[in-house]
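The same subunit A turns up in both complexes below, where it pairs with subunit B and then with subunit C.
Now for the complex of A and B:
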């Protein structure tokens, strides 16, 4: 049996916290950008202009067909070089964090747009008609009438997706970026205490995600008392 | 920007000499398919069992099933994979742990990946099965019991045959996910499709061709699985329900 030795964790806590901050920053910005870009995609998808709707459908289906790991590898290995040449960024600049953020935001937007599309479609058609009858333009009726109701219905789903996204940020491991998991792995590897650090990381993720999902469940009951 | 496209690179003999780079990709493709399908079997069997248990009146059984689902849903897949691969062999009784560590490295990677993906997905399958069972009208269960069936018989003959058919469409997306999630297993060195893509970049110095090819392979898997499942969904749909005839 393994002899547990948790002694390397207390000293490593500041380093792990730095990692956690990276995980949270990536999550937060991907949620914000993902929702904004996802909303635009959803509106394009539902638009009567064929070109827009095809573009949005193609974008969403492409990102949903490809594994996140693959998207991240694109953004770590290929895109920086491409962008670097395009904007004359000196070679060797560390673009891992910005690449990770861009990759997550564009990837998550595809998933958010599907949630938002369903949310928009769940608002009854009469609302849009009523807004138009009141003389509002399409943009106004979307912004002032449809989207506020759609988002209210979607809050639990959007938050659940954010929890999944937070878990997925651990995949920046493929770029050796020290997010929370990467930091835990590094400490465990350095001290020969991989078993303890991996179990610790798992426990931390569990506590955070489980509590967050319980809060979402409560919200759901408040908004949609079954 | 001066990039030299060279799609012919896939037909060049690989660095080890015994295969072409296309052969490498195909090996990764087979690994991805084999891993995903075997993990899917585990996910379906365990997921169906746990999903059913979550709906039974016995508080203890339902509680265990709920704990199982929450455990596997709230820890990132990557962390679970590392725990299966690096931690579990250390916690097993010494003889068993050593047997694992002395087996062929590919076998270790495959086994850890299969169990990890299987259990991870089983929690999601269980949620779908549970909501399938819960979506049945209450009258079905009551009618079964009123006819003198025991509770297990009601499940066996009345509820599950319906629930399993209703749950096929939502399971399609979990089935698609398992192929995508299998790419995570490249992190422990398993040479599946994504890992082969990385290797191709290193060996051929043709990053664009390598990644485009691997990405297209994933899209192809996605399209094929979706088409097949769509046919299956239509055959199995319950008449009178959404999607049924």
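Now for the complex of A and C:
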């Protein structure tokens, strides 16, 4: 049996907290950008303009057919160089956080757009007809009538996706970025207490994600009492 | 006011409307009836461009509906429409339902729109429900709100698409009463409905459709007393003996 020694954790808490902040920042911005870009993709996908619809379908299918780790690696290895040349950023600038955020946001947008597309389609066609019949333009009907109802139906799914996203942020370890998981790994490696640190990190992820999903369940009951 | 000339529409090979021609003068009340699938709802939705059509022409108050250059939103703002399933906006209160298009489409001030909405709500007997949400109202009440919502835009004419078909029987009359009052005030109306009592009392003309064609287009007295086509006779016999 392994002899557990948890003593290296208390001293490492500030460092771990810094890591947690990175995880949360990545999650939050990926959720926000993902939902905004995902909404636009969903509207393109449902558009009667063929080119837009094809573009959105291609985008979604591409990102859903490659592993997230791979997308993160692309953004870690290739994009910084490219963007660096484009904007004349000096070589060696640490762009790991921004590339991780860009990778997550673009990847998650593909998933969000599918949720949002289903949400838009869940609003009855008659609502669009009624809004149009009152003289609203397509944009007004979408913004004032269809999307608010779609989002209300989708809140639980969007939040659940955000919880998955939070777990997935641990994948940024591929770029050696010290998110919560990465920080825990580093501390464990340094002190030779990898097992303890990984168990501790796992417990923290569990508590956060489990409580969050309980809140989502409650919300769901409140808005959609079965 | 409304001129429908040789309008045809098809989904692929399936013909929904074939060569429909009729017109509605200012102040006239037209009832459109016919068996389900006869194209009557489709025809009325062509009038404000909610359904596109492939051939023919529809002119509403001098504006061609089928013309790609026509600003359909602008035209629709002047043509009121009431749907079978009410289609109130469930995420807005009753007053917001009444005000939103006035503000966003006509550019009225919020206060002005609210006042107008409340007046119309009073007119359909629902002032007490102003701050409720559509889900808290009965079907008949929701449909009366939907009529008020359309009237708030000061429409030049009103289209009704089976306004009482989704209602419980005891709620049909409260909606028909509002429609009757509207007709008596001189509103130009085109109503798809099976309510033959309403047609007898209020309509000037009755249009009977079958298989996408206008089979009869008559003064109501002539239609009820002596329908010319056999199909209309059968339809009337069935519907009136209930």
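Here, the second predicted complex is superposed on the first by the 226 of 226 C-alpha atoms of A that agree within 3 Å, B and C clash if a C-alpha of one lies under 4 Å from a C-alpha of the other, contacts with A are read in each partner's own complex, and residues count from 1 in each chain.
The rule is simple: a residue touches a chain if its C-beta (ideal position, glycine included) is under 8 Å from a C-beta of that chain, and two chains touch if they have at least 3 such contacts.
These figures come from a predicted structure and were not determined experimentally.
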Contacts for A:70 in the overlay, against subunit B (first) and subunit C (second): which applies, first, second, both or neither? first
Using the touch definition from the top, say if A:134 reaches subunit B (first), subunit C (second), both or neither. second
In the overlaid three-chain picture, which partner chain does A:78 touch, first (subunit B) or second (subunit C), both, or neither? first
Quick check on the superposed pair: does A:108 touch subunit B, subunit C, both, or neither? Answer first, second, both or neither. neither
Subunit B versus subunit C as contact partner of A:126, first or second or both or neither: second
Considering only the touch criterion stated at the top, classify A:179 as touching first (subunit B), second (subunit C), both, or neither. neither
Is it subunit B or subunit C that touches the larger share of residues in subunit A? B
Classify the contacts of A:148 with the two partner chains as first (subunit B alone), second (subunit C alone), both, or neither. second
Shared contact residues on subunit A for subunit B and subunit C? none
Subunit B residues within the subunit A interface of the complex: 1, 70-71, 73-80, 82-83, 86-87, 90-91, 93-94, 179-184, 186-187, 194, 197-198, 201, 207-208, 211, 214-215, 218-219, 222-223
In the complex, subunit A touches subunit C at residues 124, 126-127, 129-137, 140, 144-145, 148-149, 152
Touching residues on subunit A, where the partner in the complex is subunit B: 1-2, 62, 65-70, 73-74, 77-78, 81-82, 85-86, 167-168, 170-171, 173-174, 181, 185, 194-195, 198-199, 201-202, 205-206, 209-210, 213
So in the complex, which bits of subunit C are touching subunit A? 45, 48, 50, 72-74, 76-81, 83, 85, 87-91, 100-101, 104-106, 149-150, 153
